[in-house]
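In this document, chain identifiers A, B, C and D correspond to the written order of the chains, with residue numbering beginning at 1 in each.
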């Protein structure tokens, strides 16, 4: 149930990091998200959400992580633990299959592709905030990976920046159930305006 | 143990929300943080940290939450759950004792007082980033309240903005042990460059 | 004439730095803006604009410069020429008459007062962008002082951030006619969506 | 003459928009900048500056404008006059010669390429601020095109963000001498910490 409304002209789906490395069976990070992903029905729900928002004419913004390239982060003074891990495993490597969009979630005509983020926030060091404004968006619905890192930091930023923030608890995943619990039961309720299931979101969308 | 170094000219202590409402026995939020605060030795550790950084000549930046005033948030389109709670309980009310600095942690001559933040990030909608640059700071050490909200969002922002981020696990508190665990064992390790105890930080400071 | 429309719910007047030091006869900077101010009819036009937008229900945001305080900028590594000048002449000193609102333009109930800006942009290091979003604003109309510094930098920022930007050429002033020319004939036309006179703006406002 | 010092580890050259369309004889915009460019000795000075900073080990950041692609700006609510002009003339078109680096100024190994900017500020909606911090930069030296648009807006932003800003008056150009005058005699002196000639800059660099 939700009392939130998602006007077509003002709402956007932010789809965070839908790469093969996260979402496909042979992806580098799939083994780490697999258990949670299967339990929540991640792939089915991502399909249901994107299908529903497309049908309703809600704009999709792809919010992709930096695709790793040789040299990345090497000259930086302060690499984060996540960035150090990326330097080792070459997550989402540019030009490789792992850094390609999962085929079910590749952008389509009319989707807007935001600049790649170097850290965990889709807003930091990108054009996401400006692009949302240039399209009249006031409400953002966050799906994708990972619930406690890129999705959460993007959500925390969105709230600070003045947006209405909706998390979809079963259209995301994390490396453990405990991390999902932290994202949706502990931290989300401090900053997010709505935390819904896929079904609740779809039921709350306006008729196309 | 830490391999991080904190040069006096480049390091700063960010002291987040040291209000009576959080830290004093009669404070509105003290009952909610009390158990964790006592267990970690919050007040003693905050005193030890501030004393040590002052002795070492490390700059202190006070990073205060918006002191509630009548009318706050009332005309906003998208209030966060935390902001709705503040509207009800009038946390850190301006002109009241609860919104005054805890007497042990009031700013002293030479401390820099950053603009009040409306949300959870000390960077968002304030002059914190600019002031850090105008003082040559590259390393930020975060203490204060709450571990999983203002401290964590400020830390996540700091990392995105390019700073080296240190959390002090026993110089902060939260509404439950589970929230502390989420902040320091689950989420902190994804973005923070160091997560230390008060003793570890002090041992790692340069000699005055 | 304008083809731009200013919907009440989406438009805001940003009134920049309406201090006695700028606008009153005994103000520290009045001698420097006086010639241009009289020529364009600054005070009459500011009254006409604010009266018209209030009548139309358009939200006013006060966008004030930092009121000078002892110690300001002294510890900063990189003071701008304008900031060095402020340190000398104590422009808009806090607690003094020069740093008070010009009596004709003091904020009224319902006006929103943005945090003071340290430099020339009303957006930088303040809550202006977030407050605009929290009130649904997409169109900003800029009036106040100075045309080529605070008004222009605020306007350049607004454009980058995704807002529709309107300059009012006779509801601002500068230290010389040449600076006004630079602001409205040379630079404004590169970033501003509309550059109007006070009369054109008022004629284009929706009926109350 | 300058009293400013440019420490190798803290200084960076920001090279703005060195595209064929601006700098090569067959470029779309060369006819508009040609007169000023020849008068100031733009190409020689850009070569001298880049050669000198490379010799001194000062980091170069390429700060490129968005290369026009079909569809750009079409769905935006508020296109700026400059963006409307770009839609018409396809400035810096991706995949075309005009959008390639001028051959004398193409990035070399070790140069850092910042994300493309949609407007006039190299900071807005890009990773420039974060990348500068991740490389310890406090002083930025701005060269490239145009003096009163991308260079000036980038400079105004840099000042607001807390950097030391140097303009090089003969390593840039504009569509007219009047615009150059506005950039360097009228507006630059309000926000820039130094406005030098190429020779003055080079004389002030530390020995390699």
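As a working rule, contacts are C-beta pairs under 8 Å (C-beta built on N, C-alpha and C of every residue); 3 or more make two chains touch, one makes a residue touch a chain.
Quick caveat: nothing in here was measured; it's all calculated off a predicted structure.
Contact with both chain A and chain B is made by C, D.
Between chain A and chain C, the superposing rotation on Cα atoms measures out at 180°, rounded to the nearest 5. Look at the contact of chain A with chain D and you find the same residues on each copy: over half of the numbers used there are shared. Between B-D and B-C, more C-beta contact pairs are found at B-C. Taking each chain's centre as the mean of its C-alpha atoms, chain B lies 38 Å from chain D. If you average the CA atoms of chain B and of chain C, the two centres end up 34 Å from each other.
Taken residue by residue, chain A touches two or more other chains at 77-78, 118, 124-125, 129-130, 133-134, 136, 138, 160-163, whereas all remaining positions touch fewer. Residues 75-78, 112, 115, 118, 124-127, 129-130, 133-136 of chain B are the ones touching chain C in the complex. Within the complex formed with chain C, the residues of chain D that make contact are 77-82, 118-121, 124-125, 138, 148-149, 152-153, 156-157, 159-165, 178-179, 182, 186-187, 189-193. Across the complex, chain B meets chain D through its residues 129-134, 136, 138, 160-163.
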